[in-house]
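The two complexes that follow have chain A in common; it is paired with chain B in the first and with chain C in the second.
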Partner chain A sequence: MNHETFGLSTNLFAFLDWHDFFFLLFAGVACVAAVMVVLSDNVVRMALHLVLSLGATAGLFFLAGAEFVGAMQLMIYVGGTLVLLVFGVMLTAQTQLVALRTPAGDRVIAGILAAALLAVLVQAAFSIESWQKPGQGVATAPTATPLGMALVGVRVDQVAEENLVRPKSGYLLPFEIVSVHLLVVLVGAAYLARAKRRRIPRSVDLVASADSTKPRLPVTASSTLVAGGPK
Partner chain B sequence: MAEFLIETAGLPAWLSWTAIAVLSAVLILNVIAGGALVFIWAERKIAARIQDRLGPTRTGGRFGWLQSLADGIKLLAKEDLMPDGADALLFRIAPYVSFCASFCAFIALPFAFDVVGQRLNVGVFFVVAVLGLEVFGVILAGYASASKWSLFGAMREAAQVVSYEVPLGMCVVVPVMLAGSMDLVTIGEKQAGWGSNWFIFHDPFTFIIFWVYYTCALASVNRAPFDLAEAESELVAGFHTEYSGLRWSFFFMAEYGSMFLVSALAAILFLGAWNGPVPVSQLLGLSDGMAANAPYALRLLGCMNLLLKATVGVLVMMWIRWTLPRLRIDQVMTTCLKYCTPIAAAMFAGVMLWQLFLPGGLVAGSFQNAAGVREGWLEQSNNQESVNEDALSDIVPSRRIVEVSR
Partner chain C sequence: MTFVLCGVVSVSHYLVVGAILFTCGVVCMALKRNALGVLMGIELVLNGANINFVAFGSEYLAGDGKSVLGLDGEVMALFVILLAAAEAAVALAITLNFYNNHATVDVDRADDLHG
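Let's look at the complex of A and B:
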């Protein structure tokens, strides 16, 4: 079939580097959505834009061949945003908090911080010596296995040099320490949340302990609420 | 396949890549949309039979088999309503979020040995992660509808997510551990051979954990007895109370798509994937070893195998829906967190010990253990892996393979 029969669009399509195209697409979506998170004043919309931004970042990871990191990004950040969103809705669904307005002073401080961070990041990005074009840095397919092996100390990517004789010290111990630490924090948080609820003295008991000679009735309005409403 | 187009048909590279990509996408879309049509009809017939009725009988002649098509046309013609107080953008976008999540998960789902949209090294993980996104659409819809019923539905859904995701993740890890890979294609290939090779029959623990997985999967797709987000007898229609017409049907396509997806995932993880109980092809000598050179007829057979298993899974979900009453939200959380999670954890430990002490199964040599697989992976250098890369680059045109270790 003759190429020229396709006309101008052929050349455009054939000329377009799809890797660059998708890189720019995902990067653009991530940036625009991130800006929208800051600019919108509704919590749920912010969450939607955050999910979009994080999802596009996951897309960038997939594009670079880092499938494990991409799936992690989806699982942790996007799933985490979901829970964040629910709490956001639960805590701010009241009318006075539906629209969040940031004070001008906060905006200025945030702007200065963001600019400083951007400057540092740009400087860091341009100080990398071996820049690769997008698409050059595609890793070989399996990403999860080398990561897991490196965690226990076997560097699969250095098989040729080390000949796999003995594993170096891995990250297993730090990983376990961190995970146990997190578990302790979780258990502690659950304990505190439970204990706090139980420690609240019920106003019925307060009334009873303050003056036991008086009859308990009539019960005050607040005590009825705490005790579970009127009979 | 794209190479085939380039070499034999003489099409330019970009056109064949695009054509194949579009073809894959359309095929997956048809699995979801066409599947939804069939499953909705089946749901109505099964519900009717369980309730001692006839169900649809007229549309399309016998058995009312065109009923869902007629329903679809009716839905297209319906007025698209939006409540006054609704958040317009979120209200509009929510059904598509749900549908896209369901669709994206299908991309990594293999239907037969290499009949897969995009073979991912972390396929299981990807599918589970993307399935979680579907919930996001439900919660958005519930919030944006500006209706108490919808918000209740969304809140219940959120509570449900937190409870079922933990045991679901644990159940999914078990076949990964047995196969030594997160690649769905590899997991499927590990179960080739007789039906006794299926992971559900690997040991008693996997047999139990399959049912835990199925329960959690049922919860993850919002099907009765876990359909609290919808709960038509309490919350009108839950999160989609305010939806009508095409947007409403998108929610349903997403739901039936996910039902099919989790059933197919169950089939791949536990029920031998595209391998039948009797290895007909091996007995006939059609394939030697890896199915890479297997003829297309075999793959078609594999596809049918997987579709059949997944369909049976969906039908069982319907059976359960019309048999069991709906759980309360606290009962859902109790079921998932207090029963499913400890059972899954215990079974996980059991499978681990089984792998440690009885790696070959009760009958010596009947299984290849995961450690063997991983060591095999280590031995073969990266040039072996580039075989997989070729399969990948079949689908992604611009993916260039860079030999790192050379």
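Let's look at the complex of A and C:
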């Protein structure tokens, strides 16, 4: 009996494809965490689920052989952008703002539209024959060096593959544009978020954001809209 | 045998994961009333697109032995990650500014330009 189960388990492990196993693991974590981001109302839990989803996405990148992109995903997204978002959550965490609820009718409509969009996208994903063939499993060389060369303007991968005398130009100009863009954006963000004189929060705002189930336009406001505006 | 654990994962499966993340992100952007929730939806959308780029650029997954995008897919994924970081920084600065002025992060309250 014991021997039987042992043999069965070794057969199972020989039968198992580890790429598929880890794909299912990471894809499941990424998708379930993404759905939980949508479903949870608490913004702190949304941030936690987003960390899980982005981390599992980095695992998917590693599985697909893009190890440099996966490492950048972990460092920039999970390490940088998410820290930024969590700081935003902490700086704006008031009790009535942590859980802003969406009306149930909006949720139903969004669910129907999301199901339609997902059906279209999945149908498109399985519509091309050559995309459905499983990979050959060729061991790929590390991509960090070709990526770095492509970013400074030389496509070493295409020189090796196609015996081009003059290789196609790489990504030097987009790289420069992106770097200057990043600099401008960070200076702008620092300018926008600098400390200013803080206005005393009006009690009207606090009350209005506290009871979120109330409709946005009261009857008097909508009647003035119908009558052609307040003036 | 088309059991999913014996070496059948292809580009299409990665595309399905990207589609699910994209859809979740779009719903998140449309549904959340917290401005930070909208930001998280944008991050999810960009990640779904990134999964597609990497899947099309992967030699390992290519069924014909030659991937569709080659190295371009990974370069594009890197650019998307960088631009997402820039976008998150600016959007967070705008959100904090809005919070300083209005004491809320409810996007429905951002109707100062409402005529």
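Keep in mind that, in the parts below, the second predicted complex is superposed on the first by the 132 of 231 C-alpha atoms of A that agree within 3 Å, B and C clash if a C-alpha of one lies under 4 Å from a C-alpha of the other, contacts with A are read in each partner's own complex, and residues count from 1 in each chain.
Operating definition for what follows: a contact is a pair of C-beta atoms (placed from the backbone, for glycine too) under 8 Å apart; a residue touches a chain by one contact, two chains touch by 3 or more.
Given the structure is predicted, the values throughout are model-derived calculations rather than measurements.
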item	value
Which of chain B and chain C A:V108 touches, first, second, both or neither	neither
Touched partner set for A:L121, first chain B, second chain C, both or neither	second
First (chain B), second (chain C), both or neither touched by A:G79	first
Chain B versus chain C as contact partner of A:H19, first or second or both or neither	both
First, second, both or neither for A:V152, with chain B first and chain C second	neither
Larger contact residue set on chain A - chain B or chain C	C
Chain B versus chain C as contact partner of A:A30, first or second or both or neither	second
Contacts of A:M46 with chain B and chain C, given as first, second, both or neither	second
Touching partner for A:F68 - first (chain B), second (chain C), both, neither	both
Common interface residues of chain A - those touching chain B in one complex and chain C in the other	16-17, 19, 65, 68, 72, 85, 89, 135-140, 143, 157
Touching residues on chain B, where the partner in the complex is chain A	9-15, 17-18, 87, 89-90, 93, 120-122, 125-126, 128-130, 132-133, 135-136, 139-140, 143-144, 151, 154-155, 158, 161-162, 165, 181-182, 374, 377-378, 381-382, 385-386, 388-389, 392, 397-405
Chain A-facing residues of chain C, complex	4-17, 19-28, 30-34, 36-37, 39-41, 43-44, 47, 50-51, 54-55, 57-65, 70-71, 73-75, 77-79, 81-90, 92-97, 99-106, 108-109, 115
Complex contact set, residues of chain A against chain B	1, 3, 6, 10, 13-14, 16-19, 22, 42, 44-45, 48, 51, 55, 65, 67-68, 70-72, 74-75, 78-79, 82-83, 85-86, 89-90, 93, 135-145, 149, 154, 156-157, 159-160, 164
Chain A to chain C touching residues, read off their complex	15-17, 19-21, 23-24, 27, 30-31, 34-35, 37-38, 43, 46-47, 50, 53-54, 57, 60-61, 64-66, 68-69, 72-73, 76-77, 80-81, 84-85, 87-89, 91-92, 97, 100-102, 106-107, 110-111, 113-114, 117-118, 121-122, 124-126, 128, 130-140, 143, 146-147, 150-151, 155, 157-158, 171, 174, 178, 181-182, 185-186, 188-190, 192-193, 196, 198-199, 201-202, 205-206, 208-209, 212, 216, 229
